Amino acid sequence: MTVIPLTHILILSSLLFIIGFVGVVVRRNTLFMLMSLEVMLNAVGIAFIGAGSVWQEADGQIMFMLILTLAAAEVAVGLALLIRMQRRYRTLDIDVLNQMKG
Amino acid sequence: MMLTLIVFGLLLSGCLAWFADNKVLLGIKLQAKWLSLLAVLVLSCCFLLLVYCSEKNFQQLQLFARVPWIRSFNIDYALALDQLSITLIILTFFLAVICILVSWQEIQKKTGFYYFNLLATFAGILGVFCAVDMFLFFFFWEVMLLPMTAIIAVWGHEKRYFAAVKFFIFTQVSSLLMLVAIIAMAYIHQQQTGDLSFYYQDWLMLDIKLDVAQYLMLGFFIAFAVKLPSVPVHSWLPDAHTQAPTAGSVLLAGVLLKTGAYGLIRFVIFLFPQASENFAPIAVTLAVISIIYGAKMAFAQNDFKRLVAYSSISHMGFVMLAIFSFNEIAYQGAIVTMVAHGLSSAALFALAGIIYQRVHSRNLTDMGGFWQSAPRMGGFGLAFAAAAFGLPGLANFVGEFLSLVGAFQVFPIMVIFAALGLIGSAIYAMVLFQNTFQGVPSKLVEDLSLREICICSSLLVSLIILGLYPNILLRYSFGALL
Amino acid sequence: MSLLASLPLYPLISFLVLITFGKRLNWAIASWLSVGSMAAAALCSLFLANQLSLHESSVITAHLWQWFSIGSAEVNISFYLDALSAVMILVVTGVGFLIHLFAAIYMKDDENFSRFMAYMNLFIVAMLVLVLADNLVLLYLGWEGVGLCSFLLIGFWYQERNNVLAARKAFIVTRIGDTAMAVGLFLLFKSLASLNIAEINQLAQTTASFTASSINAKNSEAYWAALLLLGGAVGKSAQLPLQTWLPDAMAGPTPVSALIHAATMVTAGVYLIARMNGVFLMTPEVMNYVAWLGGITLLTAGLAALAQNDIKRVLAYSTMSQIGYMMLALGAGAWSAGVFHLMTHAFFKALLFLTAGTVILALHHQQDLYKMGGLLKKLPVEATLFLIGLACLIALPGTSGFFSKEAIIASLWSSPTAGPSLWWCAILGALLTSIYSCRLFFLAFLGKQRFPKTRVISEHLETSKLLRGALFVLALLSIFGGLVTIDLSSLFLTYQPGIINRSNNPSWLHLVAIVTPFAGILFSWFYYKRYRILGYKPLRASQNPWVVFCRHGLGFDTLYATFLIKPYCFIAKLNRKDLFDQTLMLLAWYIGIWRDILSASQNGHLRWFAAAFGLSMVGLIFMVIL
Amino acid sequence: MNPVDKVSEITLMNTEMFIVLSPILLLSFGIVLSLLLIAWQRSQKIIALFSQLILVFTLLLSMHLLSSGILSGAGVQITPLLKVDQFSYLSLSLICLSALAVISLSKQVLKSQVEVHDEYYLLILLVILGAAILVASDHFASMFLGFELLSISLVGLVGYFREQKYAVETGFKYLILSACASSFMLLGIAFIYSQTGNLSFAINSATAPWHSAPLQLFNSIGVLLLFSGIAFKLSLAPFHFWAPDVYQGAPTPITLLMATVSKIAMFTVLMKCCFAQGYYQNDHFIDVIIAVALLSMFIGNTLALKQQNIKRLMAYSSIAHFGYLLIVLVISAEQSIGFAWRSALFYLTAYLLANVAIFSIVITYEQYFSQNSTEREVCLNDWQAMFWQHRAQAVLLVFSILSLAGIPLTMGFVGKFYLFNQAVISQSWWLITGLVIGSGIGLAYYLPIIFTVFKVNSSAATHITKDNAIKAPKIFIIFLIIISFYFGVFPDSLSQYLL
Amino acid sequence: MSRFASIEGLFYLAAIIAIVASLKVVTGKNTVHALLYLVISLLAVAVCFYLMGAPFAAGLEVIVYAGAILVLFVFAVMMFGLGIDEMHNAPQSKGLSLWAGPAFLGSLLLVELIFVIDNSELALQLNNQVVDAKQVGILLYGPYLLAVEISSFLLLAGLVAGYHYAKPEHRGGRL
């Protein structure tokens, strides 16, 4: 009997999503970018769970689990890349990585 | 079958010329130029035989081959001939010989590939003139561009890449519009009869609503107007002509532009009679602008070939004027002008090539007084300039006269403006001739060699024959238009 | 092949042989060939003329082949000989023969002699086709052909820039007239559905719609057709306003000036109008214009001739003026008189030019009148011949010019399309003619010798009997040509409303006409007296604006240069890069700009890429919301 | 973790489904086996051979299924997640083909690296598996998983040569941006789900949300977000920014993999999704498609102008090509879906062949450079006078470029012809205009490539003479030439399989 | 009603905590602090999940997300000393100017999304029925069986790719 409307959940999700997205755009530290990506994925999870609850289906939660999987895989690769970057460039500043252009 | 063999025979002999160039066979060193000359001569004989031996009446289109090609679109491989196409094909063969002769000395590098391209272009042009399936037509229409572009881009002059790209883009973009119109026609056919069809004869039966027809007609018209070329989409031509090697210019002016006129007659006028009649005032205005503008621009040029290129624009304006006047006299005029211009501009370009070989310049200011050392060249130059300004007795006059007389019945005011082009043509022809051959002799140039005399005199003789006895042409191209 | 058809063939063969073998032929062969062919043609045309007079229908035709057909109308290569064309072929071949003969000797030393003779022959071919054509298209062929030959011959000495320019000018200016004529042809075909000359003249009378007009007479098709044909005639015959090319055309060798720019080609306009009399008769307005055109031209040309320094230019202006007389006659409906004057003019003007040519040659290409003088003693024969020619020009009684000119003047007063004012014009013109002729003679032949004494008169001219012979024959023709009255009146249709009624003419008219030349001579005798005695300097140095104005052909050249040629060249040069091309290339440039902008956006910054992703989302969502 | 486990759930899937699914099962089985193989013996040759073998079998299997007729009609639904129809397996065959090409091209490239490359082939197989799942998916969940499988494996591949200059940069760019894109896509799916309560593609179109106006907007935004994720993968403008950099930085065979496998799979799934969900009835979506298509045509072609780096140029050209291809999504009625599929598949085939050809030539040049220890990228100028030195190779190149430019005699033209047909049927004049103008601009960079190849006087810094050039497999080249020419002139021989 | 009100209140509270914590993550200077904020955010979201009737998801969020993935982060940061960087080397990010553009862009996107969500008249509301672990399990190992299999491959891909990047530069081995 909760009366939380779906719109509010979606707005919450959008809000978190945008925060994450802005983080990706703004932060030059690659680690923070990865974290912001986590925030984004998490926000999407909220939307899925909310929608799943509305429809009284488990699909939303399953999607959330799949997103979780993705997050895990992505973080694994991301951190590995991060380490390589640290070794190679001695910095995590993403703006160093702009040798290709045009 | 025979026709197919001729079209593809050209292509194959091109390949042969390419691969056999500089190879030794039976102790004879094969040369691409000899091979291709031979091929063109043999195939043109074949073609003439084919036409003369067939019992068909070429007043109407006579089908020579029709086999299914792309079934998923109901596209056929269909070739047909009528008098219009026969006329133009003969012109093509004639100019093919000229082109090969013109390139005899000029092309020294990569000869094999050059002659391959030359013959491939001719094969494409031949295909354009006989295809009656519209997809096939478009196919050939594009295919002839490729080797032509290669000729410009590989053997051209200093700004050849720019010119080649410009040439290709202009034609390609406009012909894509035509492709859209072609496809739309096919679907209209499907709507009306239930089958998709790209077959020209089927389309003639269609009853298209005028408002739709107008757009479709425009699609075709733009493609052909670019090829013709008509102001304001002419600007590829001067560049392409200027940069192309001599044979390329001869080919472009002599035959390639005619495909535009051919398309206007065969497709625009015949498929959309009503729509094109409604469109005629605009087309005629464009034609008149082309005539005057081309003449004016030709006068302003310093570059020999550029001047001739602009004169082509002016001349093809007459063709368009005639085509859109919708009467028989004008049509005859259009056909004669097409052939005549094919010969005369080819002649002038050949002359430009001959001069270029001697002075290594196309700039008129570098020329002058050549008559002193090369009177024969001067004589031919005079004759060809005279053809360009429409001296009676040469073929151009008959064409222009008939075009104008015909058009005058319909658009008197426009013709009066078009007649200004006659004055303009006199001006540029005089500038061309006098700057080259008269004045203080700047350099001594070698007079024409035997081969060059052959080229020039064969062109001149055909110009004179057509000028004094145009019936040779009119008799055969007459029925195609009625 | 009939004799008629073969007439142009002789010079054509000669032309082909000469042009093909060119310099390989020596002088003797080349001149024998060309002059011989001309002789053959002349004999042939004499024979034809004779035959014609015996012929009952008074027309001989020769059909060669069908050229092409315009709709139902056929355009044939066929020749048509009637009295008018007979006169013309006689003049063309006869005078042509004599001039060829003269030229063969005159041009002997030129290295391109055979080419010269070839052109001359080609000219004769074209001229014969012109006069013999049975339809207007064939006539046009000849018409353009003579134009081309004229161009070639003016620019024969092509290494001098002035000659080249003169040739170009001649060609283009006449081309303007030709174009008008071509449009006239279109119009005639549209309204009469025929291009055959005889048929047109017939149909013009009978086709109602041709002359009828919804608004007024000035809008009828006949009016415009006649006007356009007149345009062609004006261009070719160097009448106002297209006369400017003729004086410059004197840059060509003197035989050319004699043959083309005096005797034959320039009179083609007159021939055209006479030929198309059926059309012109339908439009009195145009007849009136023709007359006025002739009248004004003869006065302006006379004035210009007064101020010229170059002997050939004087003659050129005089030619213009004399053709003005012919036009006047045609405009007045006096067709025969016009054609008659055409013939006599051909004789005496050819004589004048050729004689002038010998004089010029004798003085080693000195054409300036002020550098001659006193030649009467040095070159007595030439002076006599020149005097004969001038007498004809002035129309002293008894000479051929007298008969023809009197015939013209007499027809003017009561002609419905001319009238007294034009009569006065003609008289004034006659006065001017006699004045400038006298001035010419005085300056060239009388007075002191003004050229270096040391200069030797060229010798080979003196010895050439053939050359003199040609001149003598021409002189004879000039004197007695007037006696061969030809009656062409049967040939021409007359203007219906007013049959020229000479009885209305005041009785003093004839007297005035006869006296005028003498008045002119007297006037000039006294007017130029001090110059004869004191020398030429004051006149030569005259910077009187009027004199300068006249010397420069009454400013027409300047006018055209300012208002036509310069703007055309300016526009052409301005737009050399092709406006349309530049517009289209602007598109390419624009895309290039876009490329640069977009390429800058590919800056390799990951964060920017992410931001761009967001930005695109914003944009697309915005698009959807809207 | 192994497909064999699924036997216990036999109620969920019957034998027919297993048969139908067999190519994908084979692929996944192959991956597991190759893991075992690596554990058994680390040998590059064996693993390469093995993965090729797997791909060949997958290819043959899917071909067999295609010809067996099981797939005809609506296709076979395998659990709610997957639905296999003939188009899926046609795409899969294309994918396998290009993967085979990638692997055979990789061998040379990998040879120059002194390291064992088991994971390379493993990752490629994973990419192919992801693509296979994409083309078979009938559900947002499977689509998402396929998408991610594809991207994560590709992230591993794009920076594969870790020591190379651009490796980390490329990897990061691809990782972060594709994660971003997938987040957006997921958000879109969440929106769609929250509104329809259905994650399957199949939808009752009568009650589709775009029939009620208030819901339409929200749904459209959901679809738009979903589309943006896919568009990112297809590198459609304005989501194209990553493409040139990643193309440039990735090892060339991987670039080819991205240009072909990933895009073909993504486009297939996009079409499946669009047609199943009936997005062509949604005006908002169509507007977006048209806008994106036009932008891609323009931006892709414009950016490619004057581009010297071949790989970047190919990236830009692929942007434009997928812009053209979007035309097939704009259909007017359900009846034309079949034709749309045919058009798309033909076009993709043409695109695939051209890309394989061009990249294989790029690789031969790269190999040449690395042999001469001048590590650098292939530029347009390096191809000067190629025609006069390596004729077959140059002919192939010219053919491929012409095919991309859509000139007759090549498959690209027929593909373009299909697209024009499609556009005319749906009467989308804007797209036609874009296509025409785009082709026009395209010529301005395609033609210079050809001219460079034909340039007579080579003034390039590198003169690759005949003897020291690497021998590109000549049979391969000639085969490609013949194939592309044959299909270009007789498209029927290909399109009859596309029915 | 009050109970519902409190649940509702709890939800909004948790939401606000999540938002604030996320903001701190994004704006944080210290890497470890930011990570901890991220944990807080995830925990708050887990509360939301629970309140939305998805206890299983809430558990997963805590265990897997906060527990496993975040620990991976912390591990990497600590192990490889990745945290130093931001504090020392990147002072520029303090500047407002750097934030202004992206923040504006983000707010624009947000406004649009909220506008769309608001205007869509989604009359849907959550209900209190809990979708429990059993339901999830049945679905997961029923229709979504293949998804599970595929996600295993996804993890494998992540593993291989991660391994490849992270493994030390190593030469040798048989080709």
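To keep things simple, chains are lettered A, B, C, D and E as they appear, and every chain counts its residues starting from 1.
The rule is short, and it goes like this: a residue touches a chain if its C-beta (ideal position, glycine included) is under 8 Å from a C-beta of that chain, and two chains touch if they have at least 3 such contacts.
Not measured: the values here are computed from a predicted model.
> Smallest number of touch links from chain A to reach chain D?
When the steps are counted carefully, the minimum from chain A to chain D is 1.
> When you check each chain against chain C and chain D, which touch both of them?
A, B, E
> Measuring between Cα centroids, which chain is at the maximum distance from chain C?
E
> Looking only at C-beta pairs in contact, point me to the busier pair out of D-E and C-E.
By number of C-beta pairs in contact, D-E is the larger.
> So which chain ends up closest to the centre of the protein, judged by Cα positions averaged per chain?
B
> How many angstrom lie between the centres of chain A and chain C, each centre taken as the mean Cα position?
So the centroids are 94 Å from each other.
> Report the inter-centroid distance (CA atoms only) between chain B and chain D in whole Å.
43
> Can you check how far apart chain B and chain C are, centre to centre, with Cα atoms defining each centre and the answer in Å?
The computed centroid separation for chain B versus chain C comes out at 38 Å.
> Could you state the distance in Å from the CA-based centre of chain A to that of chain B?
Here the centre of chain B sits 64 Å away from the centre of chain A.
> Specify, in ascending order, the residues of chain B that touch 2 or more different other chains.
none
> Could you check chain D for residues that touch two or more other chains and list them?
141, 145, 148, 152, 155-156, 159, 162, 171-173, 176, 180, 194-195, 217, 221, 244-245, 444
> For chain C, what residues touch not just one other chain but two or more?
599, 602, 604, 606, 610-611, 614-615, 617, 621, 625
> What chain pairs are in touch here?
A-C, A-D, A-E, B-C, B-D, C-D, C-E, D-E
> Please output the residues of chain A touching chain E within their complex, sorted ascending.
Those in contact with chain E are residues 1-7, 9-12, 14-16, 18-23, 25-29, 31-32, 34-36, 38-39, 42, 45-46, 49-50, 52-54, 56-62, 64-66, 68-77, 79-84, 86, 91-93.
> Show me the residue ranges of chain C that touch chain A in the complex, using the header's touch definition.
599, 602-607, 610-611, 614
> Where on chain A does chain C make contact in their complex?
My answer: residues 21, 24-28, 94-95, 97-102.
> With touch defined as at the start, can you tell me which chain A residues reach chain D in the complex?
Those in contact with chain D are residues 6, 10, 13-14, 17, 20-21, 24, 30, 33-34, 37, 40-41, 43-44, 47-48, 50-52, 54-55, 57, 59-60, 62-63, 66-67, 70, 73-74, 77-78, 81, 84-85, 88-89, 94, 97-102.
> Considering only the defined contacts, which chain E positions touch chain C in the complex?
101-102, 105-106, 108-109, 112-113, 115-116
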